Each structure stands twice: as C-alpha cells, then as structure tokens.
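In the two assemblies presented below, chain A is common to both, partnered first by chain B and then by chain C.
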Partner chain A sequence: MMRLDPITRTKLARFRSIGRGYWSALILAALMGLSLCAELLVNSRALLVFYQGSLYFPTYGAVMPGTVFGEDYAYETDYRALKQRFSEAGQGDWVVMPLIPYNPLEINAYEGEFAPHPPNAAREHYLGTDIAGRDVAARLVYGFRIAIWFSVALLLSTYVIGIALGCWMGYRGGWIDLGVQRLIEIWSNVPFLYVIMIVASIVTPGFGLLVSLMVLFGWMGMTWYMRTATYKEAARDYVLAARALGAGPWRIIGRHILPNTMSIIVTFIPFSIAGGITALTALDYLGFGLPPPTPSWGELLKQGTDRLDAPWIVSSVVAGLIAILVMVTFVGEAIREAFDPRRQVRYA
Partner chain B sequence: MSVLEIEALSVDAVDGTQAVPLLRGVDLTLSPGETLGLAGESGSGKTLTGLAIMGLLPQPAVRMTQGTLRFQGQSLTTLSPKARQQLRGSAMAMIFQEPMTALNPVQRVGSQLAELYQIHRPNLSSSTIRQELIQGLANVGVSEPERRLTSYPHELSGGLRQRMMIAMALALKPRLLICDEPTTALDVTIQAQVLDLIRTLSREIGTAVLFITHDLGVLAELADRVAVMYAGRIVEEQSVWDIFASPKHPYTQGLLRSIPRLDQSAQTRLAIIPGQVPQPTEPLSGCRFHPRCDQATALCRHTQPRMIDGAACHLFGEQTC
Partner chain C sequence: MPKMRWMLSCLLGTLLVGCSEPPEVERSGEWTSANQLVWTPEIASARRALLEPYPALGLSALPAGLVWETHPGTPFLGSAEARPGGTFYDHASVYPLTLRTVGPDSNNSFRGYLLANQWSLTTLHPDTETPIPELALEWAVSADQTTLFFRLDPAVRWSDGVPVTADDYLYTLEFMRSEAIVAPWYNNYFTEQILSVEKYDDYTIAVRGAVPKPAVDLHTSLSISPKPRHFHVLDSGWVQNTNWAIEPNTGPYQIDRRSLVDGKGKYLVFQKKEDWWGRHRPQYQGRFNVDRVRIKIIRDPNTAFQSFNKGDLDSFALVLPEFWHEKAKGPAYDRGYLEKLWVYNDAPRPSTGVWMNQAHPLLAERSIRLGLQHSLNFEKMLRTVLRNDYVRLSQHYTGYGSYTNPAVVPRAFDLAAAEGYFTDAGFAQRGPDGIRVRDGVRLSFTMTYSQAVHTPRLVVLQDEAKKAGLEIKLQLLDGQNAFRNIMEKQHELAWMGWSTGFRPAYWEHYHSANAGKPQTNNITNTAIPALDTLIEGYRSATDASTRIALSHQIQARLDAEAMFAPGYMVPYSRGAHWRWIRFPSAAGTRDGGGLYDPFSSASGGLFWIDSEIRDETRAAQREGRGFAPVLRIDERFKP
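After this line comes the complex of A and B, so read on.
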C-alpha cells in the first residue's frame, strides 16, 4: 500500500498546477523514455523487412548481411537502398524504416557534393549533415541520450556520496564535522579542468571514467546543504525521542532525518541535471569529453561554431540545448515553488 | 533489588576549557513499582538527571564526570554505547515533555511505533507487530487504534500524541520509565487521564517511574517519594506524606508556600522565594540556597551541607564538619 502523506500530496498538486513546469516535466520524461529506444526511431537499420513471405526485425540483434535479402554483398544490408529496390521491383516485398533512417556514426556521401550537406527532406536529412557527412538529427538524438543519462548517473553518484557524508557530518558534529569540512575545502580547490586535461592526455576517457572523474570532483556541493539540514533536524525532539527508543545513528539518519530533508534534495535535482548536461557539453566542446566519434552535443557545437557557413549545424544544436535546459529549469522552478515551506505556513 | 541506583552523579557542561557544573552529587534509588517524583524549578537539573540515566546527554558539550549508575544491579557507566542503546526503549524508556514535536512529522504514527519492535524484537512479523500496537494503543485509551496507526502526527491532538508516546514507552514493558513533565503541554482534563494511565500501568507492569515535574500538585497525586532539586543538587528527599506534611528544607517550605490555596482570599499576594536561582557558572560556597534563605547562618555560607535524614540542610540533622 503506497499512500502519500497529505503534505506531499498538496505539494504535488501545487506542482501540477504550475503549467509550464508540469508540462516540461512530462515532455522531459517522455524524451528520456524515448531516448532509451532511440534505435527504433533513429537508425540505419530497418524496423521491419518483409521479404519472400517472411518478416525480419533487424533493429536489435546480429548484423544481417545483404545476402539474406538477395543482395550481392556480404556486409550489412543497406536498408535504404533495399527499400528502394523492393518498391521498384514491386514483388510485394517491403521495408519499414525508422523516422530518421540514419545512424549517428555512418558517413553519408553524395556524388558531386561535399559535406556538410544542407537539410534535405527528400534524402531524409531533416537537419542536414555535419562536416563528416553524418546526419545531424541522428547525432542530436543520440547525443541527448548520452548527455541526459550521463547527468542522471552523475546526479545519483554525487548525491549518494554528498548526502551520506553530509548527514554524517551534521549528525556527529564536533571535530569530525570540522575536520571533514576542511578536507572538503582543500579538495574543492583541486582544479578540476586540469585534472580532466591530464587524464584525457593519458587515456581516452570513456563514459564510466568521465562520470567517475566528475563525481570525484563534484560530490562536495551537496554535503554543505545536507550538513546544515541535518544539524537542524538532529536538534529536534523527535530525534531525541527516537534515540530514547534505542535507535542507532544510521537508523535515525535514514528513517527520520533524511525524509525530513527530502524537499531540499528534490529541489536541487533539476538544477543538477542542467549542470550535468552543460558540463558534459562544455567538456566535449573543449575536446576533453567522450572520444570521437561518440555523438555529442558539445562536439556538434564545436563543429557548428567552426563552420558558420553551414548554419544548420549550430542552429540545431543550440536550439536543442536551449529547449532542454529551459525545460529543466522550468521543472526546477516549479519544484522550488511547490516545495517552498513558506507557502505552507498558515498564520492563524 | 532496586531497579536504579544513582550515586554521586555529577554532570558538567564543557565550554572550551571551562567546565560548568550542572549536577553535583545526585543520589537516587528506585525500587520496582515505585514512583519517585523529582521536583524543582526550571534549570535545577531534573531533565538532565533523566537524560544522564538514559545515556542521552548532548555529548560532548555536556558529559558525566563522576558517579555511578546501576540499573538492575548492572553498572551503566562501564557499558558500551551499543549495549546502552539496546537497553533504551526496551528496559528503560523515557517520555518527553513536548508531545507535539516528539513524533517525526513525515512518518505515519504506526510506522514510528513499529520502529520500536523492529529495533528490539526483529523476529516479530509485521502482522504480530500490528496486533501488539493496536493492543498497546487500546491500553492507553486511544479510540479506533487501527485508524490512528495510519495517521500523521499533525492529524492528532496533543493528548493523543502524548498517549502515543506513552504507548511507545510502555510497549516493551520497561523496568524503568522516566517521565519528563509529560503533562505540561496538556490541558487539565487530559492531564488527569494521562496521570491515571501512568499510575495504573506502572502498578500492573511493576515499572519503576521517575516522574520529573515542577508541579507539586501532580506529585501529591502520583508519587510514593519526592526528591526536590535545587541548582543541580538534591536538597530534600522524603515520602510524599512527609514532604507535604513536614517539609524540612527551607527551599521546599518556600515552594509549598508559593502554591496558591483555595482557602486564601483572592486578594492575598502569593508567597514568593526572594531572589533568583544562581547561574551554574556562579561560584558559590556553602549551601547553594543560602543567598535566598532567610534562616541562613555563617555555617551555611561556607560549608556544603550533607544529606541527613532526608534533607541537605544545616538547620536539620547533625551536620558536622
């Protein structure tokens, strides 16, 4: 039985009543969900192939060589060409391609033209291609998937560390608190960008390494808020009452203090997500992020600003970035508004 | 065997290098089923005594510096923090003054009550716990206990919350119950019910009760013995009959005089004890009460009186040295 307490319910109702925040949250959630099945929406592999009476689902699974569909090559089927051939042959075979029939890594060349190719609906390059001839729309979608889930992973890890340590500092207080505070201050002064540059010059940072590096230098922020919040909660009577029941420190932190500081944590989440996306984009822009040819917004932005004569690149990525960040900010604003304790105080 | 024996308990507040004495030489004993009232003004150290017994002093700022605490013959001071934590809630329980804030506002009452069982009786199934809780709430006179379990604290009245706290404190049948002014925040009718409850339950279970209050009227009703505290010391300890019939210490006499009486006319000024309770930081030789005592002698001013025949006063008993 999951019953929310009435205060949380009024908070949620208030959040829902703030239209732009609520809709932004829904759209973002939908985009994040859809990004998980991006292979079905943006892919050079077909969704469905009907060939000689049987159905094929090439999206997931092993590569299907051209010979499967009666082509004369043994490398992966070019489904766009296959689609054209089937419709020309008119033997009842057909191919269903995804919305954007390109994958983010494939390089498209067109005779007599040089990349970047401008947007062209007939070729289904709705946002054109980048300077290597890769579809911009496909790279935007896959870049979004990496950026948003990177942010979520970063958020989860930094919050787990920051909250646990912050609560512990606040609950124990005294010398432990003072000592850990000073250590955090020292650690905060390690220049993060230099560390990233040094690491990037030695190894190529993958997704996991990049998240770990950013967690390593990003967990400190949350400790301050949790530390003060814990101090405030730990002095309250119900904590003493819980201790009088024989509850241990971690039970008190986990079951009594943490739920009472939830509104602080929830309020910070959207802003951390926005921060994570911006940080990854900036690193990729500088070339210290995920290695090429990983689809990334920062790398697209870099290309776009280098090639202002191909304005479709920079305009797509800037529009995408603005749209996502604005929506995240709207959500954050609405949460802050809905969870504002001053709005719940009733003066009798 | 007595449930609780406190000998020469001293508690200091440590502020930097300076140690401020808060409790000095407190001796108390409690037998099973007995109710001991601990009376005194605000700041006299009543609550601190309770917290010291429970091991809940706000360390490291306030700590026990001397004395022995024995609980059912077992020394508490040498026990590990973990072992003391296990005693809390099961063998000894405490009810706090403020029922309004002693419950976690974001948790259902039922899950907070259940926590006690999860800590001390981890083998019980949740349906058994639920039955025990309903029984426990019914015992403290909560109507519709099933429904109350799913309430949040802010949905309950002060009296109900205090009953919840009492139910929680008594759930595991502790040997010792410390009540820290449990009725101060309640109105008089609820107060009477709560006192009744504590008395009957302590009779039934045989729990020893240390009842902390500044309300002597409550003690007259409830206590078997009364100890009066003043400025961190126990100044008088007698049976409830003797303390009201023949108070020995001038402070106790003053306290009793300052209770409004029904047979006085409304115009009579209330008797007061002149002066203020000394600050714990104030260096004061002799009896802590002497600046406010109208019978103080030179002896009172420089020699600390010992507890003899239930009173720590030079005016009573054979005070030597």
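After this line comes the complex of A and C, so read on.
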C-alpha cells in the first residue's frame, strides 16, 4: 500500500471535489482502458463461435479461414454471414458478434448504393460509413485508440527528456544553463511542420517514426518550466542540507527537487495530451500523418469536410474530438485548481 | 502606429504596381529584349523590316510529281446558330510561373491555354483523324515518306499584324535548337526528329523529318507551329526577358496586357483579336464566339465549385463521380439554371493501373504476376467507389483505333485462378495472418502512388487482395517523390498512368534497352529478346498495315507477360454550365475535345454565350421561377 503524504491527500480530495473534472478523468480513464480491448467491442471477428459441438474464440490469434466453419473459401471467415447462415440453418450452431460487428479497415458495399452510406441501425452502421464504405464508428474507436496512446507515448518521451534536461540546467546553472538555453532557442526555430512534410514525402511515416519526429521537435517546452522550478528549489535550505549530507546531483534532483515540482508537471499533463491528439489529427488531416488505411480522426475529418453532403462523417468526428478535448480540459482545470500551491503554502 | 503601417503598405503597394507597369517605349530603333514588354503593331513592323529574309530555293526546286491535298471535305464543327460576344468565366488551379511555352518552369498546367493559341501548319480532324488545314492551306507528302510540303495561307497574321511567312518557320528551327531557350527536349526534338525546314518562296515550305512514316503520322510529327522571328532576341537573357512577355501568336485570342498587370496572381484575361485572320475562313465559322475569356485562379476544387454554383464561373468539369452524383445537385439544377452535359469520347486512354517491377525477385516470376492480376478486384473498386462511371481498361494501349488489339481483355478478379497461380509459384500455404508464405517469405508488396484522392480506390484493392492471401502495403508519396522513386525503379508495385500519344509507343516502355537503368519509362524492367525484335520491327516499319499487325503481336505478348494490371479509364468528358452557355448539336468530339475548351484549333471554342438567355435566367432566379432540368448525354462515341 502506497503511503501518501497529507498534502497530496488533500490535493486529491480537492480534485475529487471538483465534479466535472473528476468525472471526466474517470470517463477518460475508462475509455482508454476500453480502447485497449477494442477488438472485443468493435470487430468483424466474432467473440465466440459454437460450431459442431466445439467453441471457437476468433478475436485474437491467427486468421481462421472459412473452411474451418464449413465455408467454401480459404480466406478469413465472414462472421456476419456465418451468423446469418447458422441462424437460418438452425442446427444449434451460433455466433456472438461484438457490439459493432465491423473492423475499421473492411469495405462494406451494398447493392445499388454508393458509399458513404448514411447511419443505419439495421445494418449496425450506427454512425454510417466513410467514403470508402468503412464503418465510421469502428474507425472512430480505433482512431481514438491510436490518437490517445500516441499522445501518451509522446508525453512520456517529451517529459523524460524535457524534465531531465530542464532540472539539470536549473541545478547546474552557469555556463551549462546559458549554453543549453541558446541551443534550445536555435532548435525551437526549426520549422517543425516543414520537417514533417519533407520526411513524409520521402518515406511513409509509421507510428514510431512519427512519435520520434514529434519528440525531436517537441521536448523543448518542458525544459523551460523545469529549469525555472529547479532554480527556485535548488536555492532552498533542504537542498543545501542534502548536499551537506553528501548527496550527488541526480539524487538531489530525483529525490528532493522533483517531488517538489510535481505540481507543475501534473498540471501540464492533460494539456499535453490534448496537444498530442490535435497534433496527430492535424497531421493526418493534412495527409502527413500515419499511412492509409490506418484509422485516424484527421483522415475522417478531411473526408468529412470534403463531403459535407455526407454530414454523418464530419459530425461524428467533430463530436468525438470536442468530447475528448473538453473532458481533457476539464481534467486539466481541476488538477490546476487542486494542485494550486497558493492553497497550501503561505509565503511571508 | 497602425496608421503608419497602413501608409507604409500603401507606399509599398504603389512601388510594386509601379514596378510591374511596363517601361516607357524607346522608339529610337534600338531594340533590346526589355523593350519587348511593350509591343505595338508599329514596333513590330519596324522591327520586321530590319530582318534579312532567308534565301529561297525557288518554286522550280520543288520535287516533281507532288500531289497537293487540302481540306478533305469533313464537316465543320461550328454552329450557324452561334452568336458572338460575351465573357466566358473560366478557372485554373495555379497561376503560371511564366508566360513562355518553352524553357524553365514553362511546363505548367496553364501552358495549355497559351499553346492552344499558337497554331500549327495542319491539324487532324478531331472526329475522323484526317489532316485538315490550319496555317497551311495545302500539303503534299514526299515520295520517300519523310517530308511534308506546305503551301501557307497568305492571310495569316501574327497578333501584332505582321504576316506569317516561310521565314518564321525557318526561324522556328533556329529558335528551337538554340541553347538560349534552355529547353533540352525541344533542342533534341528539333535536331533529331526534324532535320530541316526549307523555303521555296515566302509561302511554300518543306519540313523534313528523320524517319519515314505513314502520311497521317507525318502530320503529327512535322506540322510545326511557327515562332515570331521579329519578336525574339536569342541571347543569354532570353529566358529572363520573356518570362512575362506576351509573345505574338496566330490563334483567335491573345492575353490582355492589362489583366497581366491588374490581376497578377489572381486572374488572366484572353481577349479575342479584333481582325483575326481566320474570321473569314468557312472552317472557323461559328467557332471562337466569346469576346473575352477570363481565367480566375482558384486553388481548391471545392472552392471553385462553390464559385461556379454562385454564378462566378460559367462552367465546371465534373469528371469525379462524387462531384457529378453528389455535389452537382440541388435547386439550381432542378430549376434548370445549371445544365449538365456528358459527352463520351473515343481516344487513346491513359494507362492507369498497377505496374509491376520485374526486378523484384518475386515479381520476376510470371505465375506470381498472373496470380496478382487475378487478386486485384477492380470490378469492386469501379462498382463501389467509382459508381461504374469509370470503365475497366483493357490494356496499356487502349483506344488507339486499329493499333489496339481487340483480343486483349483484362483479367478478372478470380480467387480460384489466383490460388492456382500462387500455388504454382509455391505459395500454397497461408501464414497466421492469412497471407501466403513460401519458405518464410510473405507474399507482400508495397504499392507506391501519389494522389491522396486515390486512397479510397486503392484500399478496395488492398482489402480484397487479402482474400487471395496477398498483402498490399500502400505507400502514398507526394508527386515528385513518387515519380522519382518509380523512375529510379525503386518501387515494387506502382499505381500510376502514362499519358497518351498519337500512336502506341513500345520502345520507351518495353524495350530491353531501357530496362535495368534509371530515368527510363520501362518501369516494369521488361527485357524479352523476342519482344525487342517485334518492337524494333514496329519502329522501322513505314507501312501502316505492317505496323498494325506488329502492334497487335506486341500487345498480345505484353498481355501474356502480365507485368501491367490494367485499371480503369474515363471514357468521357462531362461537366455542368449555366444555361446561357449554348452548344452546337455536337458539343464534343471523338478525341475528347470540345465542351468548355475555349481555344484549341481542332475542337475548341464550339460554345457561345446567349445574352438573352442570361438575362432571362437572372430574372427567373430573382422571381423564383424555374425551367425544365437539363441533362444532355452524348453517346455517339461511347466505346
């Protein structure tokens, strides 16, 4: 059991007392958790198939060709068709499909109609399809998963670099501080979007490459805050005391200074998450993001704005974006409120 | 402070305008390239008088036994109902980087407008492909089928009033061969393909080609367009000095100088010439009717379409299915203010499809190429994304008339056939992800393409290919990089299309001389000795029937080798226009010309503007009245 100090406990209590922030945090955490098992909720593969006395779990693992279930094709089973066939045959076989029985990449065509198809509950296209006939809801869910975890990966990497370098600059001060500051200023002036555009035109950026590129040009912001905070903390008596006891610089930074600057870091996290999501969406919108056919909100947004005559595309993705970003902002506000140092510390 | 900034920007504005204003003419007779910016009939004729004429061989030097041909009597395209006058509002996506039609930066999409007003000696009738007069009235073919003789129309004038004579054609060769124009392709073409231009008298010339060809093919390669000798100064400053110079031309329209200054970056106006030489030729009656063509620059097609719907543009091309079916509908169409026009054509088709690089170890195997062909579900792509508006292409050389082998048909999506071919190649097993494997190698290829709008089309192929156990990874690169990647033969599969020529060109695409090296058009890396022999025979044959027979054999062989999976073609032009834009009964031509093309000599300028109908339409819009909706489909040339 982790022991929390009383100040942190009051902070958490205050956070919990701010209703909309607290609930937004719970919902976001639930969505992130659920997105990890999106395959169980939104998928063209069945959750469970009962065929000739045995049970199959096709969701994870290798492709099950149609021949496994007595179909006459060697490619992946069409479980929706299989479900229909089983229920028509009435031989006691059954199929349990996920909530949304489509995967984000498959193209659905209906005789005599052309994509994009409007929302249709009977076909279980709850938000319609995009211009290639792919289910919008499925693409939203998988697009969310990519965007949010992209954001988290981006946040972790930029913070590790930014915090380490910022603390080091603030702690050492002097020439090191001055020199690194100038380097950061120069580096900040590299036009990030151009670099992305150039790279994207030469190679197709994957998830890893895109994160690395954004980290490469995005770590600078955090260093400034951490540098200032460390400067302030390093001048305090407890740091002097730790040094007098013989603690090394990284121990002092890690054990003593960092916990005291935690409120700054925590306050920034939600806004960085929102920034990461919008950055990826913007890149995808411009066509410099993840390669097709990766489900992505930016790509859906692009389709939607090109095809305003199919309003279900643009309204779904805009509603999704607004909901997520508003929730993240609520969380951010609540954290800022709860961790506000003026509430705990009194300066003389 | 804001006030000062405002004043500053005003000052800057005047300075800029001041700079683009043409400098005062110096009429001292001292001709510099800079003076070309201001060009009046007086300057033009004075300058013309200073030129030394080229020596003439004399009419007696003409070879004996020439058979002079002239207009074959094919019907004229213009309508007797056409009314002159009005301004046609058109749009283009980019402002040109230069008004030159040769040299650096000249190969932009705007060049079409300029070239369409630089006419040539003869042209081919757009429906019948027979030669018809343009700047020359009569022509004859030399006995050895290498040279064309022309009798020029003495009525032809440059836009500055100076007559077009044999000297201008002789000068064309000098011009096109000059290093001053910085255009290696033209330098080469006018040296290697056109050997000489000879002057017999002021209005009789011969253009000598390098290789013997059938008569019609001679016209396409030797019917050159003249360059105004009195206008150009071929020195090292030529490229710079002619960037924004309005070169005298021979077509019915010329750029309006004022629009160049006032509308720089925003629009350009072409003005009809007041006393154009072609006005009295029966061939051009009822053609080139509008007085002005104003081309507005609108970068984004969706924005342009909105302008069109508002009435700021007169016409809009609607080739893409979603524009035609989804966007071009609503009250303005239902009430007949906007009319839709769909004209099928029958012309050589760009070869859009999947190009397989045989330098790749797997794609070098014919059975894998065949399996791949049967794994590509073009039928579904056409049915779902393209609404069956586009049509399956049958082979690389579709639409070349008798040169196209009708026996070559595309391979259908057929999982059993794909299974058979892949099994033959040893790819019988599927891995855990459903993709075939052979000795640990997955059956997976990267497909390079360059247009984001094609993504929805290609994901259909990608998704369906999985059923055949084939993985296609899509790689979207921007145009330049995709082309470089393909030209350096770095690709595995390339999704692209070659533009067309008058006759099939096999050597550049399939001869082994172009295989295995970068920057050639043999992007499939095809090197088959037997095919080389056929291609060489085709290149050297002068007799049309031999060439046709060889052409059919080559196409059959290409089909058997299956290195190109033919995609689709667009066998029509279509669009919408405001109802005051009127057309003759034939709004388009077999070669795909006509419709909203204002200039081209062969098939442009067919439409006219009816101002009474315009007033009537505007009044109806105000009063909320409507007309019967109009959808005109012309299937004369439907394949």
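The working rule: the second predicted complex is superposed on the first by the 343 of 348 C-alpha atoms of A that agree within 3 Å, B and C clash if a C-alpha of one lies under 4 Å from a C-alpha of the other, contacts with A are read in each partner's own complex, and residues count from 1 in each chain.
FYI, a contact is a pair of C-beta atoms (placed from the backbone, for glycine too) under 8 Å apart; a residue touches a chain by one contact, two chains touch by 3 or more.
Please read all numbers here as calculations on a predicted model, not as lab measurements.
Peer 1: Are chain B and chain C a fit on chain A, or do they clash, once the structures share the same frame?
Peer 2: Superposition check on chain A shows chain B and chain C fit without a clash.
Peer 1: Would you sort A:G174 into first (chain B), second (chain C), both or neither based on which partner it touches?
Peer 2: first
Peer 1: Could you let me know whether more residues of chain A are touched by chain B or by chain C?
Peer 2: Touching more residues of chain A than the other partner does is C.
Peer 1: Now for A:A62: first (chain B), second (chain C), both, or neither, which partner does it touch?
Peer 2: second
Peer 1: Is A:R251 touching the first partner chain B, the second partner chain C, both, or neither of them?
Peer 2: A:R251 sits against chain B, while chain C stays out of touch.
Peer 1: Does the superposition put A:Y75 against chain B (first), chain C (second), both, or neither?
Peer 2: The second partner, chain C, only.
Peer 1: Given the touch rule stated above, what does A:P259 touch, chain B (first), chain C (second), both, or neither?
Peer 2: So A:P259 only meets chain B here.
Peer 1: May I ask for the angle at the C-alpha centre of chain A between those of chain B and chain C, rounded to a multiple of 10 degrees?
Peer 2: Seen from the centre of chain A, the opening angle is 130 degrees.
Peer 1: Which holds for A:P6: it touches chain B only (first), chain C only (second), both, or neither?
Peer 2: first
Peer 1: Once chain A of both complexes is superposed, is A:A121 in touch with chain B (first), chain C (second), both, or neither?
Peer 2: neither
Peer 1: Once chain A of both complexes is superposed, is A:A241 in touch with chain B (first), chain C (second), both, or neither?
Peer 2: Once the two structures are laid over each other on A, A:A241 reaches chain B alone.
Peer 1: Look at the superposition and give the distance in whole angstrom between the closest pair of CA atoms, one from chain B and one from chain C.
Peer 2: It is 40 Å, taken between the nearest C-alpha atoms.
Peer 1: Intersection of chain A residues contacting chain B with those contacting chain C?
Peer 2: Common to the two interfaces on chain A: nothing.
Peer 1: Spell out the part of chain A that touches chain B in their complex, as residue ranges.
Peer 2: For this pair, the touching residues of chain A are 3, 5-7, 174, 236-238, 240-248, 251, 255-256, 259-260, 262.
Peer 1: Using the touch rule from the top, collect the residues of chain A that touch chain C in their complex.
Peer 2: Within the complex, chain A touches chain C at residues 61-63, 65, 73-76, 105-107, 109, 114-115, 131-134, 201-202, 204, 287, 291-293, 306-307, 309-310.
Peer 1: Given the complex with chain A, which residues does chain B contribute to the contact?
Peer 2: Residue positions touching the partner: 54, 56, 60, 85-90, 93-94, 96, 98, 101-108, 115-116, 119-120, 150, 152, 155, 165, 168.
Peer 1: Help me check something: in the complex, which residues belonging to chain C touch chain A?
Peer 2: For chain C paired with chain A, touching residues are 302, 321-322, 325-327, 380, 383-385, 387, 415, 419, 430, 432-434, 452, 455-456, 458-460, 462-463, 466-469, 474-478, 480-481.
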